[in-house]
């Protein structure tokens, strides 16, 4: 096997990407726990750990740029490097959403969204599953699981609409609770965004395997 | 300080070898200088311009080598006219057309053997074949035909080497653009090979000028003025070298050294000419 | 999009060696087609079959056919002089003749019977301009072509090829002996020329193939493994052997 160095660099890129995926999954899990239990200490930890995720993004980007610069990858190599570059952005955004929700949890006084709004816990669970499956399918290059994740996006979108409905009802009943309601909506929106990024990851897996995204040829 | 680079040693074996090499150089250059010097010293005092414009004649009481000079020129021109086209053509065939490697090898080997045969044997063959069998007798033509066989390998060999030195890429370029093989040979190969071919020709001229043994029994030794341009071909004619031999046999050392002087000058001129031509006609040089 | 040269079940033997195995490939008009593959894979051999330069190699046996505009170039009625006027060739080492720049360019037209001085002048100027060399040599047309730099010599060879107004230009690793700047100049030139000519190029430089070629064919031990649009070959090769070769995983 020639090109040992190239393969070693590609492997490092993959390892970093896997590590970052793991950090993001942990962030989402912690976020749901903190949310469920109003655990402000855990919320703080999530915010601190987000910096690690951001650093990982830079590391992966730097590796990918240098590979492009020094090795001019083509064919499968090119798809591996470019999809890694795209996926780190989504991973980093998922981390950001987790930190954003953690921020809201930190500032919570009084009412508890997790218990008040019926559909938010369901959304959180769905988002967690989507992130886990998206990252897992990417690591395993498993296109069929990725397709399942994409189909779950409709469910989370529907749940988001339900949440809006619910929150509107709450406001109608008692307009004094509007402060909390804005937080509820924000959390729901963040969770919905997490689902979108998970879908993006699945799309980049599709690109990685076929050169196309949603049947549109990119390369 | 064993590891220092300042450890220059003088090696005995180097010194001995270097001395031997220098000695060889001195001997070879020295010999040339001595021979030429000796010929100049003995030749110049006896030199008389009259030698060049007169024939030896008892009646007119003249001594001269003009007929021999003319015979030599005849010999050179006729021999080259016969051998030149054949040897260049043969070389082109062997190098460019012949497909059968074995055949080319046999021919090349034969040519080399031909070049190593003592010239007196050519003389013997020439006399019997051209002189007796074809009935040409003692004549310049018989001599020229004999010499032609003798110099064939020289020109042919030089032409082959020159053709082989022409880069393959020239051939590809010409053929690739649609040239026929012969057009390619004529316009690209031969111009590139000209210096090599001419060098061969000049070496051959040197050989003709110097030859005596092969001519003695074929062209004879007559030193008479020509009676006609073509008639002369069929008459016996001794070249300068033959005349030199005759004069030496008669102990006419003065005349012999004058001839030697002329021959040495001719050979030197031919050699310088060879050098000059191979530079002058080198198409591959950029100026 | 029409096919200019088509190779059908082409097999070539050098004595015992089976150098090309059942090559089927269409070269598209006014496009650049690149042949890539490791040394000894048959890509240069294949290129040479396209204008019968293999005729001069001993012990070559060719089966199958190659058609130029539908006519089999291995037919016994073919005049190779005319064939090579239509299908010109540029070689790996720049090989200008040891003549003046002018005579180099005029060489081809003279073969094909153009003697008129004015006409030759025109052809020389036009060809040099087409090869993007005219400005550099206009004031020394009658000096030896061997005095040009390697890159200029190669463009001269392209100009010499253009002078006989070919329809197809075959290039056998034309930039492998050149520096990067000269290489880019030749590549740019080829991109311009493809509007008028059909170009086939053998190259060891994968980046070069991906930069300039519209179609790429990958050869391996005498076999044409994969052939398709360049962007497909370099992004999503179908054959594992192609992928391994272009990504440097070979051997």
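Read from first to last, the chains carry the letters A, B and C; within each, the first residue is number 1.
Assume a contact is a pair of C-beta atoms (placed from the backbone, for glycine too) under 8 Å apart; a residue touches a chain by one contact, two chains touch by 3 or more.
No experiment lies behind these values; they were computed from the predicted model shown.
A.B. asks: Just tell me the minimum hop count from chain A to chain C, counting one hop per pair of touching chains.
C.D. replies: 1
A.B. asks: Name the chain with the Cα centroid closest to the overall protein Cα centroid.
C.D. replies: So the chain sitting closest to the middle is C.
A.B. asks: Among the chains, which one keeps its Cα centre farthest from the Cα centre of chain A?
C.D. replies: B
A.B. asks: Chain pair with the most contact pairs?
C.D. replies: B-C
A.B. asks: Could you work out how far the Cα centre of chain A sits from that of chain C, in whole Å?
C.D. replies: Spacing between the chain centres: roughly 52 Å.
A.B. asks: State, to the nearest whole Å, the distance from the C-alpha centre of chain B to the C-alpha centre of chain C.
C.D. replies: 46
A.B. asks: Need the CA-centroid distance for the pair chain A / chain B, whole Å please.
C.D. replies: The computed centroid separation for chain A versus chain B comes out at 93 Å.
A.B. asks: Show which residues of chain C lie in contact with chain B when the two form their complex.
C.D. replies: 51, 53, 56, 58, 80-85, 88-89, 91, 93, 95-99, 107-108, 111-112, 143-144, 146-147, 157, 160-161, 164
A.B. asks: Quick one: in the complex, what on chain A touches chain C?
C.D. replies: 1-3, 6, 72-79, 210-211, 219
A.B. asks: Looking at the complex, which residues from chain B come into contact with chain C?
C.D. replies: My answer: residues 99, 167, 169-180, 183, 187-188, 191-192, 283-287.
A.B. asks: Within their complex, state which residues of chain C touch chain A.
C.D. replies: Those in contact with chain A are residues 206-207, 210, 231, 234-237, 243, 246-251.
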